[in-house]
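Same chain, two partners: subunit A is paired with subunit B first, then with subunit C.
Here is the complex of A and B:
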């Protein structure tokens, strides 16, 4: 069976896997962005807290995702729980780091000016500091999204959802008629999804980065 | 700008955001302190973790499947395979990526640079497991296939890092070097490369960490390694096998990162610490 025949005969399965892959990454990214920017905003003012946040995230980043999944399975079982936990944990790291770096990079004179016109701490954060740090944070979100795409593929081995199931089913059936088709469909599908998500984030950047700081 | 592999984002900043001139020095010292604290703590934590794992697994009753997966020779073999995979692939990644990065940042190769960056972006979007699986169909099962996949996966980020780093060198320094009559080779060997040492070390670290991670997936390409224990733990539903495999992998990854940070701290030229 050639590749296109395979794709059309398994259309339903592939569409459902692709949708699940996209939806899992999207939902985990929403959680990770909220948590990550939150942690960044809470820790960037304190030298010590910022250091602990970046050190903790950096350490988790060096742990291979397959091993982290292995550690989560005894606690959370197979399937969606360890997958979501691993995805959010890894996605957090670049976002926290870039939030801290971005918020610390805001020109102190601007924050001072905001204070001078009578803005409260929360208003300064929401209306001055976060908008200025946003392009940096968005870069972190793009990195996290790409990472999540690949980690979700591995999580399929722990019964997670998505296109990774095509890849592992191909590996398991090495030598059978459709094995190569399955692996190609899974891999190419993930690459395409990654590009679509990245393009969407670039577009989001165009729409949301404040006109005053656009390069 | 999004050409960032997971472990590359471990660097403090990767954004074009302009920073006030004083910030870099402050960030630098803060980072030094982190690394030094980490240098003492990491080996102690890892030692304690491994000791706890050993005491636990030798005192817990194991069934026959677990005994089979966890007999000493087997675990040692997987651990050794994992180290071997990481070391060999890192060597090839550096041998390929660093010279190629230097070559592509020369003036005459400028047209090729965007192609390399586009390739790096494509490579970044490709899942490691998919790449390994595709190579298995092409080259058959075995350690060689796993190694080729690992090298292919890590070469691109190290390459784009090298190019970005060489491009980031202050052009006035190169101008000054040319101005005092240095040849292109002299500029490269006596100005650009010394300035790029921290960057090259960061590349070594990136390659090592990526390779430890991809190395756990080598098991799926028949390349051996600790991934075999994790896989066996999942398929036979033996939590203890899974935990031994995962904890050993985590310890190895943190140990490798620790060694790399030690090297970064030791080998970075002193003269750069203030200027960077």
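Here is the complex of A and C:
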């Protein structure tokens, strides 16, 4: 059975895995963006807090994903909970770091002007600093999304959803008839999804970054 | 010399500091009382007990070397920097402890780099404060148009532009428009024109003067450029380190009577030329000049030359702005084509420009005259070398008389003081011995003698009645 025959014969399963993969990454990213930008916004004004936030999220990233899942399974069980937790934790660092850097990078004269015309701290953050830092934050989100795509494949180890299951079952049955096809199908699916998500984020940038600061 | 003695009252009899014509004053008074800023870890306060009273509608310039605390002083007025001690009162209301956000919404604020939000359009930038204080949508929209118009930017062209597509000067104008959008009575400006090129700066200064003529805000303006201070200020506070006030007085008084060496050092050389900065074109005679609309039939033009006896005619464009100088004979040389005849008007000065600007323009113009334009660029008249020379003559003559008068008064006071002291101390040598040496300027014997330092002065010489003391070249 060649690759194309394999794909058409397992179409339903592949579509469902792809959809689950996309859906899991999307939902985890939404959580990670809310958390990450929130942490960034809470910590960027303090030198110390900002450092602690980037350090903590950076430490998570140094833990191998396989190991982290292994640590999470005894606590959270199998399936979706450890997958989502791991994915969100890994996705945080680029978002937190870019949020802190982006928010701190806002020209001090603008902050001065915002205070000087009578903006409250919240208004300054929402109407001036976040919009100006947004392109930087969005770059962090793109990096996180790409990473999550790959890491979710590993999550099949914890019986997580997605295309990782194709790859895992292929590796487990290496030597059998469809083993290679399974691995290739899973990998190609993830690469394609990554392209689609990145394109979507670029489009999001076009739509949400003000024309006044677009590069 | 009837000419000279009558000229001061003719040029400006207004008491100098407070305003100028009859338009209503929308500004508020500002009182600073012993305002002090200490930073932790610094033995000396950055700003040490500044006290100052600023009248409604007055433009006060804080000028001094860098690091003297002038900016800190300014930023304490809207409490961007919280004072360590002292009080701030605006229109009599103590605002030292009210909510700073509410305070700042009532005070316009413009800074050096314009501080425009790059992700918002010009209109959105200007709308910020009105939005925050809850104006309705339509009112904001109208106000934005009005403000753009006020600062001389065409609303249709600039409304939706982003700040990065504006020149430095245009950004600064929008910055001022934003500061004034909610019609605050007080405007704080922190070296607003410091980052633009000299030519644009000059234009912006003229604009600000024009604006202030219409609006009568209370403006506190920080600069390190003394010439800018002279040009813009009703009064100037010369600050030394820790914001100690070396002299707080009208530009004229500071030029003729610098309080001490520090101030005269700051005034610098060329006080006579600087004096030209204190008189505006509108205050000297603007000569009439034959001017013709560009749409008028050619025949009328020719008639003006033939029967009117004019040697030169100024052609105005459709919005009655100066367009071309047309000499007798130009038309025939161009074979009757108005498009080719004459020389385009290259220089104009506004009625708000200083005599120095006008002199500059006249000197560079090869015809030795320059067209004067009004608020919206429309033609008003012409200034030439002769007009300028006459008015400068009058100015300097009056200046000389005032300085003489001042010196006599001062000498009188000093003499009587020394007499008193001599009588009191029984020291006969004191008489005539003590006058400290000349000083830099003509009338510049240090005032008041003792102590040198005058923490908060009004007119030089304090008490003595001097009708011409704060002399009015001012409009």
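Basically, the second predicted complex is superposed on the first by the 215 of 215 C-alpha atoms of A that agree within 3 Å, B and C clash if a C-alpha of one lies under 4 Å from a C-alpha of the other, contacts with A are read in each partner's own complex, and residues count from 1 in each chain.
Quick note on the criterion: a residue touches a chain if its C-beta (ideal position, glycine included) is under 8 Å from a C-beta of that chain, and two chains touch if they have at least 3 such contacts.
Values in this document were obtained by computation on a predicted structure and should not be read as measured data.
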| said: For the combined arrangement obtained by superposing on subunit A, do subunit B and subunit C clash, or do they fit? | reply: fit
| query | Who does A:53 touch here: subunit B (first), subunit C (second), both, or neither? | reply | neither
| query | When the two structures are overlaid on chain A, which partner does A:104 contact: first (subunit B), second (subunit C), both, or neither? | reply | first
| said: Per the contact definition in the header, classify A:91: touching subunit B only (first), subunit C only (second), both, or neither. | reply: neither
| task | Based on the superposed arrangement, let me know which partner A:112 touches: subunit B (first), subunit C (second), both, or neither? | result | second
| query | Thinking of the overlay built on chain A, is A:157 touched by subunit B (first), by subunit C (second), by both, or by neither? | reply | first
| query | Given the superposition on chain A, which partner contacts more residues in subunit A: subunit B or subunit C? | reply | B
| query | After the superposition on chain A, what angle is formed at the C-alpha centre of subunit A by the C-alpha centres of subunit B and subunit C, rounded to the nearest 10 degrees? | reply | 100
| remark: Smallest inter-chain Cα gap (subunit B/subunit C, superposed on A) in whole Å equals 13
| field | Overlap of the subunit B and subunit C footprints on subunit A, listed as residue numbers | value | 107
| task | Note which residues of subunit C are touching subunit A in the complex, please. | result | 78, 80, 101-106, 109, 111-113, 115-121, 128-129, 132, 162-164, 178-179, 188
| note | In the complex, subunit B touches subunit A at residues 1-2, 4, 6-7, 9-10, 12-20, 23, 30, 33-34, 38, 122, 124-131, 133-134, 136-137, 141, 209, 212-213, 215-217, 220, 226-227, 230-231, 233-234, 239, 242-243, 245-247, 249-250, 253-254, 256-257
| Contacting residues of subunit A [partner subunit C, same complex] | 107, 109-110, 112-120, 123, 127-128, 131-132, 210-213
| task | Under the touch definition given earlier, write down the residues of subunit A that touch subunit B in their complex. | result | 47, 51, 54-55, 58-59, 61-71, 73-74, 78, 90, 93-94, 97-98, 101-102, 104-105, 107-108, 133, 135-136, 139-140, 142-143, 146-147, 149-150, 153-154, 157-158, 164, 167-168, 170-171, 174, 179-180, 183-184, 186-187, 190-191, 194-195, 198, 215
